[in-house]
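Next come two complexes built around subunit A: one with subunit B, the other with subunit C.
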Partner chain A sequence: MTAPQNPITRAIWDGTLPIKFSLDSTEAAALGAKAIVEPYFIEAPRCSYFPLWTSQIRKYFVDMALNFIGDDAEIWYDVDGTPLKWHYPIGLLYDLHTGYRPDSNSPPPLPWPVTVHFKNFPTDKLIKAQAIDATQDFFMSMIKEADFLRNGSTKKVMNLSKNDQTQLWDGLWSKNYDKFWSVNYRLVINDGQMPKHVPMRIYLPDNCPVIQEPISPIDENGNQLTLGDVLHQVLPELFPSPLPSENASAAPVPVIHGIIPQLEIPIVWASQNLCYPDNFLHIVVLLGI
Partner chain B sequence: MSSANNDPTLPHSSSTSSLNTPPIENTPQTPLSPATMLEKYKGRKDSKKGNAPILKQPFFKITASNKFQVVIQFLRNQLNYKASDPLFLYVNSAFSPAPDEIVSNLHKCFSTDGHLIINYCTTAAWG
Partner chain C sequence: MALPDHYPFLTRKEFDIAAKLFIEQSKRSSDEEPWSWVEHEKVKGFGYICRKSLVKRVNPVNFIIPENDFTQIDDEIIEEEDLNSLPTVPVSDEYFTVDYHIVYSTSYKVPVLYFNAYNSAKPVVAPYGVKPELFHMEILSQKILYILDGTLLTNDEIYSNLVHPLKQNDIKTAGFNGAISQQDHPTLLIPFYYLHPCETATLMTSIVSNSKMDNNKLQAIPLEGYIRSWLSLVGSVVGIKVVIDYFI
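Let's turn to the complex of A and B:
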């Protein structure tokens, strides 16, 4: 089966990040590593999740004489001491934790240095999964939450056949664009109906709480709202106008999939084309340089 | 912050002792207005949804800035469930929010007549 051709969703699907996984040095010694353990490099899709890479990463470090017999769900990751939420897409975590502005003059922090931990799971900061397949449950729940925002019910997801539902997750972990998007486009396009609300979350720096509001894609006159309109509506202090600021580098910008989208794009178009596989538009707002 | 007590949507049954159970009645730390929520048992018609016990009173107030994890923990305490006992929570019988989602966001997006409706069961029902 083939998904409808869309160069934008295709490019987002194909987007990857080189990541460098290093072992926490004190932990390495406690787990029996005698010498310095070389880091492990992968190129992960931005749309993927860390638990999908855990068994591969674990195998590498155990083969390097690390003594670990625990469950994969005990393995966790951090960046500069901040634990990474395993149920967030990797690309979102990168944009959020590096705070890298694509319009800055400095090169991006790549490969992205991430620390792997085999001990001391921070249950106060991360959700402790009962098993590694919790990632699939969390993912499907996000898709349902998105459907509820669009339609006021989860009927569209629940009306998918069991096979089609499974295909969403299978397509994601097997990196099969056609498998995933041949089903997902039916959800995202919403049978051509204007969604009630746009499934989106906004992330601000400095551990601000995540913002999720019922955002209507049209105004009271039925005109389509743009990304700039929505940012202005939700964050008027940061976006005093729906239009781009004249002093571009000093103004806050939205970052999605590592790019700064134009503020003039309709929010519905953004939702249909720039959403992550979980059907949410995850927007990281970065402050001026 | 006392605005919750003036909330016209707050059910009258909110004077029962269970409301005083921490951390639900703790002082709000942020200037968000408290949301109200409704814990409701809805699994009676469908045996698939398990035999979770019914709450004595189904309405509770919770600080809006709390994470959904607090709701999960509160419900476990109310039901006397151990951490190892399976318990599944759903919003509007539709989806399971992640424990780190913020109650005020869920309330803004999914409330019905001012209440966030939570359904719970001992087996995955709307999974």
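Let's turn to the complex of A and C:
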């Protein structure tokens, strides 16, 4: 089965991040590592999730003489002491935690240094769950929520055949673009109908709650809203105008998939082309340099 | 009485109004644990309703003191031989603490029940001479001490301890992953259990009349009654009772 050709969704699907996984040094000693364990490197799709890589990472560190017999669900990751939410896509976590502005003059922090933990799972900060199954459940509940936002019900997703539902997850898991997008295309295009609301979340610095408001893609006259219109509507203080600021580097910018999209793009187009596999537009807002 | 503009859905503004009316009802009622309103410390528009409850487990199990718990305690206070002479008494009323939060869902446009249950109150029989502070205990009755260990109940423990046995199967098999799962609290961004809201609108529609001819039933629940009605329907699943005073 092949998906409709779309160079943008294809490029996003193929986007990867090199990640450097290092052991927490105090844990390494407690788990019987005698010498310093070398880090492990992976090139992970931005659209993927950490639990899909855990068994591979675990195998490496156990092969390097780490004495760990626990479950994969005990393993977690952090960056600079902040536990990484495993139910966020990897690309979103990178944009959020590095705070790297693609328009800055410095090179991006790559490979991305991430610490692996085999002990002391922080249940007060991270959802504790059975690794891959839970990731699939989360993923499907996001897809369902996106459907509810677009149509006011979850019928489109619930009416997908069991096979099609499975194919979404299997496609993501096995990095098979055609498998995933041949089903997902039907969801994001919404049978050509203008969605009621756009599934999107906006992430701000400094532990602000994630902003998720019901965003209509059109104004009262039926004109399509742009990404700039939406940001201006939701965050008027950060985006005083729907148009780009003249002093570009001092102004806050939206970042999706590691790029700064143009504010003039229609929000519906952004939703259909730039959404993550969970059907949401995850936009990280980075403040001026 | 104000009606929601798009019943069964609430806007954020309507939720805030309904929430404050509900909190007043709770304060006027004989309920020992009134509900209160909490705002996000920095950002406006993320307030929610909350209350902390001491909840009795639905499946009381005979609790027997695990010996290991005591061998870790300072030997000067409990000698090994004391351990063997300690009575292991079955305790039927085991309690734990539940934080209940009623949070507005901007996607589903209905209130959502979030909760976390903590193993805060595990009763053990007080061994003679043990200073309660060594255990970080709270004495709730003369003989029974409650250890405040603060660990979260797991999903399985929530089903077996908080959900009524007759309802467990229905709730476990609802949706993709059962009706109770974990998610980040929308305001606090930390893990909380929640009851999935995708059927809430249908439920709220089912309790009102869809016919204007039917004078005996309401066509929509007013803001004043929205949360108490909703909570009396969904709350019972996880141990919340809405006492009759809320409706009077």
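In this text, the second predicted complex is superposed on the first by the 286 of 289 C-alpha atoms of A that agree within 3 Å, B and C clash if a C-alpha of one lies under 4 Å from a C-alpha of the other, contacts with A are read in each partner's own complex, and residues count from 1 in each chain.
The criterion applied here is as follows: a contact is a pair of C-beta atoms (placed from the backbone, for glycine too) under 8 Å apart; a residue touches a chain by one contact, two chains touch by 3 or more.
In this text the structure is predicted, and so the values were computed from the model without any measurement.
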item	value
Combined model on subunit A: subunit C and subunit B, fit or clash	clash
Which superposed partner A:Asp137 touches (first subunit B, second subunit C, both, neither)	both
A:Lys85 touches, of subunit B and subunit C: first, second, both or neither?	both
Which of subunit B and subunit C A:Pro214 touches, first, second, both or neither	both
Which superposed partner A:Phe148 touches (first subunit B, second subunit C, both, neither)	both
Touched partner set for A:Asp124, first subunit B, second subunit C, both or neither	second
From 61-69, 97-105, 133-141 or 205-213, the subunit C stretch with C-alpha clashes against subunit B	97-105
Overlap of subunit C and subunit B interfaces on subunit A (superposed complexes)	85, 87, 127, 137, 140-141, 144-145, 148-149, 154, 209-210, 212-214
Subunit A-facing residues of subunit B, complex	65, 69, 91-92, 94-102, 105, 108-110, 126-127
In the complex, subunit A residues that touch subunit C	85, 87, 123-129, 134, 137, 140-141, 144-145, 148-149, 154, 206-210, 212-214
Contact set on subunit A toward subunit B in their complex	85, 87, 127, 137-138, 140-142, 144-145, 148-149, 153-154, 197, 209-214
Interfacial residue positions of subunit C with respect to subunit A in the complex	40, 42-43, 46, 106-109, 151-152, 154-155, 175-177, 181-184, 186-191, 196, 198
